[in-house]
Amino acid sequence: MEKTVLVTGFDPFGGDEVNPSLEAVKRLEGVVVDGVRVTSLGIPTVFGHSRRVLTEGIEEIRPHIVIGVGQAGGRARMTPERIAINVDDARIPDNIGRQPVDEPVEVDGPAAYWSTLPVKRMVQRMREAGVPAAVSHSAGTFVCNHLFYGLMHDLSRAGSNIRGGFIHIPYLPEQTVHREAPSMSLEMIVDGLKAAIAAVAEEGEDVKEVGGALC
Amino acid sequence: MEKTVLVTGFDPFGGDEVNPSLEAVKRLEGVVVDGVRVTSLGIPTVFGHSRRVLTEGIEEIRPHIVIGVGQAGGRARMTPERIAINVDDARIPDNIGRQPVDEPVEVDGPAAYWSTLPVKRMVQRMREAGVPAAVSHSAGTFVCNHLFYGLMHDLSRAGSNIRGGFIHIPYLPEQTVHREAPSMSLEMIVDGLKAAIAAVAEEGEDVKEVGGALC
Amino acid sequence: MEKTVLVTGFDPFGGDEVNPSLEAVKRLEGVVVDGVRVTSLGIPTVFGHSRRVLTEGIEEIRPHIVIGVGQAGGRARMTPERIAINVDDARIPDNIGRQPVDEPVEVDGPAAYWSTLPVKRMVQRMREAGVPAAVSHSAGTFVCNHLFYGLMHDLSRAGSNIRGGFIHIPYLPEQTVHREAPSMSLEMIVDGLKAAIAAVAEEGEDVKEVGGALC
Amino acid sequence: MEKTVLVTGFDPFGGDEVNPSLEAVKRLEGVVVDGVRVTSLGIPTVFGHSRRVLTEGIEEIRPHIVIGVGQAGGRARMTPERIAINVDDARIPDNIGRQPVDEPVEVDGPAAYWSTLPVKRMVQRMREAGVPAAVSHSAGTFVCNHLFYGLMHDLSRAGSNIRGGFIHIPYLPEQTVHREAPSMSLEMIVDGLKAAIAAVAEEGEDVKEVGGALC
């Protein structure tokens, strides 16, 4: 049976008119990567509601793999996230004006969940495809981390064998025309996501490659 | 009874001749901050051994509070760490040449532990003292995070009521004479640590102030 | 009569295997942009010799416009340079091992020459084409500035009506796979150069748009 | 006869409540460094008027050396400027609301003037004093460069043997409490300025040390 991956992107937020994650996952809709069929889903950049939309998407699509994708303005590379943490701490309001500060994503949840995707192999495959990439150890404390933590919590509580994780991506060039920040072309982001999906589709344990951060 | 705080600093590593954390904690030895007496301890920048030295120090000194301090080259501000994660992933070898990659700090430990120090109030008090500061959501995956995770794990397993946490600090100016990176004077780092200790000494819950990271 | 622009790119240097400037100008060879025919020329990354190769190219091609292009590792945007300065001060050796320190490009030359290209309109047109761009006020003190200064000096001394200038460009993505730095796709760099050429081809004075630097 | 150096600092601008250059030069008033007596002068952050205040100060004080000092928010080191350029291009309004765009500082002036201070030796002496420092090749296009260019132009036109130059300095720590940027303590800035003055007081040519910029 063909495997299915659900990739999600967020609505634009924080004054931007586009969100590279939404643009990238739209391009992947229906694409098949190494035998894995991609379904894409747009997610509102809203605490709480984002999780409900994802949950409904998972119930409907019944994917084998879920990869959340989000914009990380200021980063120069694609960065698979290693860990999701149990805190909402919004520096700016979300798209309906909510701004939780130091609240848990799940009152009874553990401090953190690991991604169940092979983050080191994802980085390796992205680099082999010529895409700048590195493992990240913080998905922040805004809606991206909220969705990522919520996903891993729900999969864990349900004893699901769906594998899940999150990838942060840089701004698109059009977002940096008037501000000084790194960017990445949409084509390269899409190539990077395909390489990441191919890495997840491979069987076997994650590779062990140096990829840590001193701090 | 007077409270005691144990503050620890690391040996120089990675080719540097000094480590600001060790210099700073030496200056605090014996100082009393808002009724809290400071004891300082030097820790080797070595996986495993660092934890044993800390454990022995805690057993001997029996402090009420433990604050690990470490160098975060490239950061411009003092950054209390919110969370320790269960992974050793060394980008460079430690001071005896060990370089673990993707190994757990504790095989049976949870993914992460929260700092049990009031990180938001620490930042607030440091800023009030004129010291640049911000909460951090990643202590990296080198010996700093290793010690921090190990500390929180041991306190948790022992059911200890000792409060523990970690603060990353910038380079000293003398370390940036020949490289382009932010730095902070030793005097300011010491002032920042005093403000942090004062924040911990206060009674009551942590403050809720905006301090999150988009990613 | 059709106008001609000579665009030059440099050989790789400093350990890199490619130089985005050489790759980009090769793509432009023979292209016609708004009635301006592009000829491209590869230049050795060598003090002195680079100038001779450019001089010969100008004598042979007899262009109306000369645009030097060079790699500016670490920059996130395409940056037309406003000014060339009369100093060679090499932080690393050039491609034949020469490393002049604080020597003039031209012993009798003035401190600096302005670009005679409309740098503000070039930035405007690049941005309209969706390409991140900004005016730069320093072309450094390595071979890029050396060639730029030499070009403007020779044109000035000859009383030439050839217009000349220089554009620095970011790394290619493939150069940043293993280091943390911004990059730009080759396609976008080529689009940016076309937009810059179109801006030069327009008649009339440069636009006056805010584009300065506080320092 | 004792030599005199005039050091100038600017009023706060751009929303900041202090300007480290003004604070630093106040501390140097009346100090004698290696036989050189320091006089300090506050300068308004205003195009045009800043130059008049400096001219009057020079006429009154009759110094042997003039060193302008200005804030370079975002820089981590003290940076003696090598060159002043003949353009006013203000990204933000000055302190009386003027915002010249692409206007010459002096209609008949050359493109640029070199600092007549030994910038490499200044950096060397600052580093020996433990102060992070590097040569800069752009003083920007705001009031700092305006004053620097105007000073060098006036000294040149008058055939004066007064030596002149400019040093940019980082934010003070208190300016970075609520924003992410490097800073330097006032004490260290003052020490750096003293080391720079001592370097200028030495007889002989500037040293030739590697200090260039690739771009």
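Residue numbering begins at 1 within each chain, and the chains themselves are lettered A, B, C and D in the order written.
By definition in this document, a contact is a pair of C-beta atoms (placed from the backbone, for glycine too) under 8 Å apart; a residue touches a chain by one contact, two chains touch by 3 or more.
Since this is a predicted model, take the numbers as computed values, not measurements.
Among the other chains, the CA centroid farthest from that of chain A is the one of D. Chain D has its Cα centroid 47 Å from the Cα centroid of chain A. In this assembly, the C-alpha centroid of chain B lies 38 Å from the C-alpha centroid of chain D. Each chain gets one centre point, the mean of its Cα atoms, and the points for chain C and chain D are 30 Å apart.
Not a single residue in chain A touches at least two other chains. If touching chains are joined by edges, the resulting network of the protein chains shown is one closed cycle, each chain touching exactly two neighbours. Chain pairs that touch one another are A-B, A-C, B-D, C-D.
Listing the residues of chain D that touch chain B in their complex gives 76-77, 127, 130-134, 173-174, 176-178, 180-185, 187-188. Those residues of chain B that touch chain A in the complex are listed here as 14, 70-73, 75, 82-83, 85, 87-92, 99, 101-102, 110-114, 120, 137-142, 144-145, 168, 206, 208-215.
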